[in-house]
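First chain written, first letter: the chains are A, B, C, D and E, and each begins at residue 1.
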Amino acid sequence: GNDTNSLADAGESYSPENPVHVKVGITGTDSPEWDEISEIAAEEGIELEIVRFSDYTQPNQALADGSIDINAFQTVSFFDNFKEEHNLDLTAIGSTVLAPMGLYSDKYESVEDIPDGADITIDKEVTNQARNLMLLAEAGLIELEDDFGVTSGLNQIKANPKNLNLTEIAPATAPRIMQDVDAAVINNGFAVDAGLSPTDDAIYREDETATPYINIIAAQTEEQDNPVLLRLVELYQSEEIEQLIIEEHKGARIPTFISLEELNSYPK
Amino acid sequence: MLDWLPEAIRPEITSDILTQALFETIYMVAWSLLFSALLGVVLGVILVVTRPRHIMENRFIYNLINPVINVLRSIPFIILLVAIIPITRFFVGTAYGTTAAIVPLVFYAGPYIARLIENSLLEIEPGIIEAADSMGASKWQIIFKFLVPEAMGSLILSMTTATIGLLGATAMAGAIGAGGIGEVAISYGYNRFDDGTMFITVLLLIIMVQGLQTIGNIASKKVRRR
Amino acid sequence: MIEFKNVSKTFSSNGQDVHALQNIQLTIEKGDIYGVIGFSGAGKSTLIRTVNLIERPTAGEIIVNNENLVSLQPRALQRAKRNIGMIFQHFNLLQSKTVFENVATPLRLVKTKKAEVKERVNELLQYVGLGDFASRYPDQLSGGQKQRVGIARALATNPAVLLCDEATSALDPETTSSILQLLKRINREYNITILMITHELGVVREICNKVAVMESGHIVEQGNVEDVLARPVHETTKKFVRSIIPDDLPEKVKQYLGQKGSDERIYKIDVTDETEQLSVFNDLVHQGLHVSLLYASMHEVRETSFGALYLSLKGNAAAQETARSYLEKHDAQVKEVTKDAGLVA
Amino acid sequence: MIEFKNVSKTFSSNGQDVHALQNIQLTIEKGDIYGVIGFSGAGKSTLIRTVNLIERPTAGEIIVNNENLVSLQPRALQRAKRNIGMIFQHFNLLQSKTVFENVATPLRLVKTKKAEVKERVNELLQYVGLGDFASRYPDQLSGGQKQRVGIARALATNPAVLLCDEATSALDPETTSSILQLLKRINREYNITILMITHELGVVREICNKVAVMESGHIVEQGNVEDVLARPVHETTKKFVRSIIPDDLPEKVKQYLGQKGSDERIYKIDVTDETEQLSVFNDLVHQGLHVSLLYASMHEVRETSFGALYLSLKGNAAAQETARSYLEKHDAQVKEVTKDAGLVA
Amino acid sequence: MLDWLPEAIRPEITSDILTQALFETIYMVAWSLLFSALLGVVLGVILVVTRPRHIMENRFIYNLINPVINVLRSIPFIILLVAIIPITRFFVGTAYGTTAAIVPLVFYAGPYIARLIENSLLEIEPGIIEAADSMGASKWQIIFKFLVPEAMGSLILSMTTATIGLLGATAMAGAIGAGGIGEVAISYGYNRFDDGTMFITVLLLIIMVQGLQTIGNIASKKVRRR
């Protein structure tokens, strides 16, 4: 309504009677944490409007042009790469969760069992794909070029000793066609939703401290110190939300609240 | 509100989300249909009347419009969504959200409707044009008082087909935060493996499509008189 | 009113040229009801369709109302066309509109007031005998009913020129006659000019004052109807005239020839309009011959009549000789009919 | 061969019922050329379209070749239809096929050999005068040419029954006549049965042996052509007969009435086939009268002829009286024509 | 091989990838067109001939087929892709890859083609059917020797429209690893922000669409004779 403060001038002068309006861009749908934050923030005078995107490029564009105020959907490495590519003046203002990936198979019990020429599906979405390939490399199935980065793809595989046949597919499809392939790299979120258990079913799992893949909340650089936004980060990193994430996501997302320095210290 | 559904197909989403999505879908389809129909009719009519030996034969215009439609129809919708963001911003002020989705939807459906209309209008017997011409009808009158009414049965069916196609395209407009039933089906039902949501959203889509097709069939039969 | 100046039209089909019209020269005066006849494929429809440029001539000029339509700008041409009504050979009705709306269409194009449209259309539908059919659709009509809708539509705007392409070909004689009377009346009352294509010479005879005969894209004969019908020159014209005025030996005469007595002779006497009344009988009977009428056929074309009589004369050789010279002197149009040679001079 | 048993057909249009056929009873024998005439909208097309069930009757039976088509199973009905050729009022040609292919279509349906198709189609196209048009498309033809393609197509498979809906309505008299001769020949050679709808009594006169007259869905008169034409009973039939045999006073006689002398009387003598030859002149002249023929019109229908003569008799009162009683005695079909009353008995 | 392109639009992908994608697209479009045309013609013809007062009037079949088509047309393609995985597996043996994509593409395009064909066939003058019927043509012959040839001009344009739609849909089939030009455009050009790839792939798509439309227009004009 017209009685809301604009985010830029709000400072600390907002209240339930005179609320400030904040648009949060997220992707996907599993946002119980944001629903919860929304409720808590409303009591303090911060009105959240959640905008859902089904695409990974648009939320940053929207943030840059002021269509939304913050977004929370991406890993720090994707974020850094994106803002460089597009020359956007955005800054990460807090860390959120880590969603480790795993290698799943209907046919084999361990990585060693995967035969020569096996069919493996990976995510067609770019940063996830790089992450998938790093996972496969970590599992010793392939070798990557030295300069392999967070947006590198299939063309930067140095060696494929087992002659694996890697197919890019939509991540949500992976669990559905697992029986057709020898193994599939699946994002924890999709795995859990599809009824797989990352801890029990994965034959190989990503290291839980993979810093580049920690998710973040991002804002325009000029708003990075905005008390309203910082308050939202605080709310996200509260005990209450941490518990909620653990309960709701059953291991698909691990709350990972680290400092901004630590966040930016991954090898680029 | 959705609790009455049997366990197996009870969606995890709330009926609020569903209602909102339904509203968004209707909003997007209605507006984009309006504009793309306008665009499509204009382009379709131009494609017909400017072709060789038709009433406003004009090689230049035909050879201009024809490939433009082809270009628009060549671009995958997801790319189109992004490619025309500057245009969207110009018209809507923003490039995200339900309203913004209308612009790419129009760019998607307009040229498609143009082709369907072209096909319908080409089927009109030349005798009708001769009759119109002999009465001293203007080009404008020939088109809108003769060709269009005579093709109406076919035009209605074409528009029905196009509207259903548009409904399908709104599902993809989720990429720019447009929401809608299709988007709920994909992000909750498909991405989150929620069969209940999948079921209810697809059911809603089926009801909408069935309703549109039924209306289209009845209307077309009424005017077609066969 | 309508003038064709050296009009030609060539279609090309499968690489071959079809010369549907070749150097047509024709003048139709204001108020004329001008008939065009000719065999199927002669170019009649093509001719009439060039008048309002539905078919643009490949060469030549079409002058209607002192304007050369061929060189008119689109707007002016459109205005000119509004003054020319047309009845199509294949009706060309709007399938999606009722009979009423079909007839109302040309009125609506010129934004006639609603009440006026209603009155005029209903009046026209009455004229053509379709008063009860206003709310029918064309696919619910018989062939003749469709044709009448086309006629009503062409008349709706009271055009100065009416082009009729076989306007009564699908109609029974009664309906044809009532339509022709209607056209005649309109022609008289509004001095409308009518160009009328038909393959029925009967129609020409009934209402046209002028007629042109077409063959393979040419006009081979033209003139006043009476003149052309009474004295057809071209072979095609003769064939048409024969269709309404048979000039071959009647069956009855043929049969009679086989059984006539040796003292009997048969003569054919052509009757033209100058022959006010025939009274040859009297003299022949007075000359001692027994006269019988075998067959007689006369026709009237717009106040003019002509035809032929077949007489049998019975009598002795001397009387026959007198009769013969009497007949020859009396009228040049007498021929003897014999079994072997048919007609002899 | 074809029998309509109590056939009715009702259309409903805008909620109203249109009774296009009502209790039709009609029998057509093998080898008949049966004409059906009637005003526009009488139900002729509907009648012919029920014969091969293109229009399914609402009630009644259609017996063709001893089979009740209405109750036949689809396959059997299909076979039966292959034996019935049809010429449509609106041609119904395939726009996407050449003239050749249009005519070949029914042959191809029964899987005729290629060479045979070619021979047959070319032969038929020659018959209908379209030998040079084989590779044209229907939209490149004149109206009459299209009709002839339809005729050729209907004849392609040598059907036992031919249904013609205004098969010659778009044709000039010469072409009409050649088509009618063709049909007559086919009728004679193959004993094909023809049901022929037409609004031209001339066509009926030329080739039909039987005729039925329809009005508002009923058959109001039927019988041998000669009988119906010579002695029409129903008003509609009379109107049709008048269309080819005018029975009102000729213009010439009307004019003459105004100027005739006081010693002159005018008589109309009806001529029927029994009147072998007319020789009343002789006696009248011998009675001292001056006899002139004002107008004569006779018609032949299939070997039968009939018509009327208009005679003027000039002479003194006594002679007139003798003449009058002579004429009355001589033939009942004599009427005096006067200025005021027209014809008097 | 793509080095000749100016810097700004030189794609990062190799020409091998492009060639392969082109091949995949053609492969998918060709096969799915074949099958969906078959399916579409069959369904479309059934929809026309079984409707009330048509040659094989059959309420039951019409009321069965009509909603099935609506249902298939209601489901967003991405959901259709996964919904029919069991069917795909049955036909192709696997549910992912280029060949597997053909099945959902057929399910997507078949019903759509059916509607276009329905529309075209309904435009045929009833007189043509009467003529066919009077010759004793079987239902089969009426359909394939009369209706289809008469509607051919319109059918060709409809198939052109459908083929172009199919080409657009292949871009989405990337979800099950089908590859193809559209997928390259999206994952390299769009997701990886490679304008060069975007440019070259969209150009290829435009060329294909333009080519298809041109062929369709010419063929249709040839048979339409107007």
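Here, contacts are C-beta pairs under 8 Å (C-beta built on N, C-alpha and C of every residue); 3 or more make two chains touch, one makes a residue touch a chain.
Chain-to-protein mapping (UniProt): B, E = ABC transporter permease; C, D = ATP-binding cassette domain-containing protein.
Model, not experiment: these values are computed from the prediction.
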item: Maximum centroid distance from subunit D, chain identifier (CA atoms); value: A
item: By count of C-beta pairs in contact, the leading pair of chains; value: C-D
item: Chain centre separation (subunit A, subunit C; CA means) in Å; value: 90
item: Separation of mean Cα positions, subunit E and subunit D [Å, integer]; value: 55
item: Shared-contact residues (touching 2 or more other chains) in subunit D; value: 90, 137, 139
item: Residues of subunit B whose C-beta touches two or more other chains; value: 78, 82, 126, 153, 186, 190, 224, 226
item: Subunit A, residues touching no fewer than two other chains; value: 57, 172
item: Those chain pairs that satisfy the touch definition; value: A-B, A-E, B-C, B-E, C-D, D-E
item: Interfacial residue positions of subunit E with respect to subunit B in the complex; value: 66-67, 70-71, 73-79, 82, 112, 115-116, 118-120, 122-123, 126, 153-154, 157-158, 161, 164-165, 167-168, 171-172, 182, 185-186, 189-190, 198, 202, 205-206, 208-210, 213, 224, 226
item: Contacting residues of subunit D [partner subunit E, same complex]; value: 49, 52, 54, 74, 78-86, 88, 90, 92-97, 105-106, 108-109, 137, 139, 157, 163
item: Of subunit D, residues touching subunit C in the complex; value: 11, 13-14, 18, 37-41, 44-46, 89-90, 129, 135-137, 140-145, 147-148, 166, 169-177, 199-201, 239-240, 242-244, 250-252, 256, 277-279, 281-282, 285-286, 290-300, 303, 305, 307, 309, 312
item: Subunit A residues touching subunit B - in the complex, by the definition given at the top; value: 25, 28-30, 51-55, 57-59, 61-62, 65, 67-68, 172, 175, 190, 193-195
item: Residues of subunit E defined as touching subunit D within the complex; value: 125, 127-128, 130-131, 133-139, 141, 145-146, 149-150, 152-153, 223-226
